[in-house]
C-alpha cells in the first residue's frame, strides 16, 4: 500500500496535503462538505493581535490560470481565534492544526505566538512575514534577511512549538532569506506566499481591486514557486512546506521532488471546495503510475 | 478613424505593438508569414559581443498559461548581426528596429552599443540587464539600482540613440531600479523580462530544462507585469515599453492604462506566429468598444 | 450547498445581450428564491455567480447578461454541454416578511431572481406588484412571464421606449405596498432604499472567490457587522445596509 | 508553412497507447515525408509537434502515442472536432538519396513518418526494407499497412512477443541495403548509427517552442554547426550528427 505519511519537525501527518492559510477559513467551514480529518493538516486564516476588517471590496480579481486577492488579513483577532474558532474546530478536526500568525511589529508577532503556544491543538506555528513592516517604512518583514531573522528570533523566544517562517516570493533572493531564518532558529520554511500583481478594469479604466494591487496565486505561479522551493532546499536543511499553484496530485509530487516535505494547497480550494480532497484521493494513483511507494522518499529527489 | 500611433523618445511608431526580443528572431523569419511592416517596431534577439550557442537542450518547458525558456542568449554575435542580419532585415522592414543588447560586463555592453549606434536602421537600443554579472558573483546587473545605473551610464556614454533599460522582474523593488536608470540617463524603460521558474519531469525525476531553471513568460505573468509597469510609471517620467503575458488587444489596452507607451508581445508569438498581426488587427475594434479614439491618450490612464 | 454536474437543456437569446439557460441536474440544495449558483467555466479560473431565476424538480433556469469574457463564453454553449456548479448558495429572500402586498423592484440583470420570488409570493396568496427597469425596449425580457404568473407588472425604461420613461423609482410613487424586495445595480438599490416607505430586503453583488463563505473575498461592512455577500447575503435587510460611498 | 484549421475525420486506438487521427484540411504546404505539424490544443500553451504519417489531396494522417497530458487530450477528441495546426514544418527526408535498396528503421512513435516515406520510395521504384521495432506485440501497429504498400517488413519486439526478439539493430545483420533512414528514440538512433553500413538520414526529436525556427528552443549542436530541429531538421544527415551524451 502507498505510504503517504510525512514528518514535519516531529509532527507526523498522514499525508502531505495542507490547505494553505486564507483558503480554508478556520476549518469548520469545510466540515459540512467532507470529513476534514482526511487532510494532513491545514493552516488557518492569518491571525493578528487585533481583529481586522481588511481592505474594502472589490478584493478579488481573475487572472489567466490564477486569481488575485487583496483580503488584507481580515480575521477575528487572536482572542476570538482562541476562544471561539479553536473550540469549534476541535469538534470537527482531531489532528494538530497549523496556526498562521501575522503582525505589523515584532511585539505583535511575539504576542500572538506566545498566546497560541498554549493551545494544544496547534502543531506548528506558521509565521507569515509578508505583511508590511510599519516601522521600516512599509517594506515587508520578509524582504530582507535581517528583518526575517528578527521576527524568527522574536517568536522562537516565546514558543516551544515548531516555528515555520512563511516567505514572500517578491524578493530578489529568497534562499538568502530562508537561510537567515534557519540561522535564527526557524524549524521550517513555508513558501511561497502570493506574488504581487494587479488588474485594471477596461470599462472604468481603474484598478479592479480597491487596494490597487493584490496577491497572485494559482497554477500561474507554480513554476516560480517550484523554483523557489528548489533554491531554498539547496540553502537550508530544515523542512519545507511547499506551495503555490498546486492543484493536482502530480503537482504535489513535482513540489516534493523539488524539496517540499509537505505541500500547501491554496487557490485550488477557492476554485473548488473539494480540491484538497480530490488531490488526496488521487495521490495513490499518481504514485503507482510513477513507481513511488513511500512519498517521503522523494522529498528533494530531483536535486 | 482610430489613431494607434505612439511616440517613444521621438520615435513615432504607427501602433504600439513591438514583438519582444527573443521571440521574433531578426525579423526576416516572419516576413514569409506576413508583411512585418504592419508592426510598430520589433526588438531583435538579444545580441552579445561574441557569438553564443547558449544552453544545451532541452531549453523549453510548458507551464499553465505560459512557457519556460532557457535559451541562454544564443545569437550570432554583434559582428554578424551588423554584417548579415541587419542588411537582410532591410529588405523586408522599412521601419526603425529596436536593438536588444546583452552583456556580461560593462565593457561588453558599451562595446556592443557603440557598434550598433552607427546602424541607421536602429531606432532604439534596448539594454537587457538580466544577464548574470560575472564580476559581481553572478547576480544579474538588473538586481541592484547601483549596477543598473552603472550599465546605463556606460552605454549612454557611447551612443546618441535613445537607450531603454530592460528590467528583470526577479527583484524586491523594481521601481527603485527603474528610478536609478532614469537618473543615470536612460531614455526609457522596458519591462518585464521573464520570471525565473522551473519544471521537473515526473518520470525522470530531474529538471526538464538542462539549465535547471528558465524564464517564465506568457499570460501567467500578466498581472505581475502589469503591477510592475504601474509601479515604474509612478516612479519615472520616461516612456515605458510594457510587456509580459500580452496576448490580446484588450491586454494591450490594459498595459497602456497601467502606464506603457508601447507594448511588447513575446511568448504569444511562440504560440502563434500570427499573434502580433492579430493583435494589431483587432486593436481598432477594442478601442471602439471602449470608446478610445487615440491610443496615446490612455497611457497611464488608470493612475 | 452541493456541487453538481448540469446539462444545458437550452440556451437562448432573450433580449439584447441577455440569455436564458436551462440546466438539468440535482437542484435539491436550492432552498429559497434569491439564492445563486457558482458556475465553473472551462479556461476560467474563478467561477461565475449567477442568480437562480427559477427551478423545477430536476432543472433550474438562469438569465444572464453577456458583459465579459465569462458570460460571453456561456452565451456560446450549445444544448447538451456540461457545466459544473455549486448550487444553493447564499441566503435568498425571506418570503415570510412580505406582508399582503409586497413590491418587487428589479433592474436589468437584477430581475431574474425576482421571478421565482414572485411565483412563491403568489403561491402564498400575496398580491404582488413588480417594477421592472430596463435601459430600453430592446433589452427588456420576461415581462409576459411575470404577467402570466399573475403579478401586477410595471415597466420602466431609461429612454422611454417601453412603459414609464425613467428609473424604477419613477414608478414607485403612489403605489400601495407592504414590503419591498429589490435587486439590481447598486445605484438603483440606493435609490429604491431612499424612496421605499417600508422595510425590505435588497440583494447585492460583489466580486467573489469561493462563493461559500471561506475566503473573505466578498465582504460587506454592514451596520450590524461584516457580512459575506456569498453566505450572509446576497440579500441584506434594509436596516443592515450601510452605503459605502 | 501554413496555419490551417483541420477537422478530425477519425481518431481511433491502433494499439496500446497508440492512436491514429485523420485530419481534413489544407495540406498544400506538405512537401516531403518526415515533415511534421505543430498542433494547438485548447488549454495548453505550447503546441504539440507530431510527424505527418501520410497525406492525400485533402487530408493528412498522424499516429501518436498518448504519453502525457497533451497527447491524452488528443486521444479524447471526437470526430468533427476542430484543431488548428501549423503544417509542413521541418525539412523531411530526402528521397533522392535512397539508392535502389533503402533500409528504413523505425522504433515505436518514430514509425509513423516512415509510412509516407515507404510509399514515396516504392512509387520511385525502389526496393524497400522496413524494420519496425516495438516493445511488445500489443504496442505494434501498421504492420499490414506497410506490407500492403509492398515493402519487405521485419518486426522486432523487445520481449519477443512478435517477430524477432530484441532491438531493431538485431534485425539489421545480413541485410543488403543502399541507404539508411531512421526515426525513433535517441538511443535507438545511436545504435542504428553505430551499426549502419551506409550513409543515411536520422530524424530527431526535441522540445519545441515556436516550431518555425525563430525561438532557438530546439537547437542541436551538429558537426557542421547549430541546427534547429524544427527547421533545419528534424532530419539530419548521418555525417552531421554529433552525439551529445
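So that you can tell them apart, the chains are marked A, B, C and D in the order they are listed, and the count of residues begins at 1 in each.
By definition in this document, a contact is a pair of C-beta atoms (placed from the backbone, for glycine too) under 8 Å apart; a residue touches a chain by one contact, two chains touch by 3 or more.
Computed from a prediction, not measured in an experiment: that's the story for all the values here.
Colleague: Indicate the lowest number of steps between subunit A and subunit D, counting one step per move to a touching chain.
Modeller: 2
Colleague: Averaging only over C-alpha atoms, locate the centres of subunit B and subunit D and give their separation in whole Å.
Modeller: 36
Colleague: Distance from the CA centroid of subunit C to that of subunit D, rounded to the nearest Å?
Modeller: So the centre of subunit C lies 57 Å away from the centre of subunit D.
Colleague: Nearest whole angstrom, what separates the Cα centre of subunit A from the Cα centre of subunit B?
Modeller: Distance between chain centres, rounded to whole Å: 34 Å.
Colleague: Can you pull out the residues of subunit D that are in contact with at least two other chains?
Modeller: There are none in subunit D.
Colleague: Using the touch rule from the top of the page, what residues of subunit A touch 2 or more other chains?
Modeller: Residues 61, 63-66, 219 of subunit A each touch two or more of the other chains.
Colleague: Testing understanding: with touching defined as stated, what is the shape of the graph linking the protein chains, line, ring, star, complete or other?
Modeller: ring
Colleague: What chain-chain pairs meet the touch criterion?
Modeller: Between chains, contact exists in these pairs: A-B, A-C, B-D, C-D.
Colleague: With touch defined as at the start, can you tell me which subunit C residues reach subunit A in the complex?
Modeller: Touch residues, subunit C against subunit A: 1, 3, 40, 44-47, 86, 206-210, 212-221, 226, 244.
Colleague: If we count contacts the way the header does, which residues on subunit C are in touch with subunit D in the complex?
Modeller: Residues 42-43 of subunit C touch subunit D in their complex.
Colleague: Going by the contact rule set out above, which residues of subunit A touch subunit B in the complex?
Modeller: 61, 63-66, 68, 139, 143, 170-173, 195-200, 202-203, 205-207, 212-213, 216, 219-224, 226-227, 230, 245, 250, 253-254, 257-258, 290, 298, 301-302
Colleague: For the complex, which residues does subunit A have touching subunit C?
Modeller: 22-25, 29-30, 32-33, 45, 53-54, 56-67, 69, 71, 74, 208, 218-219, 267, 269-274
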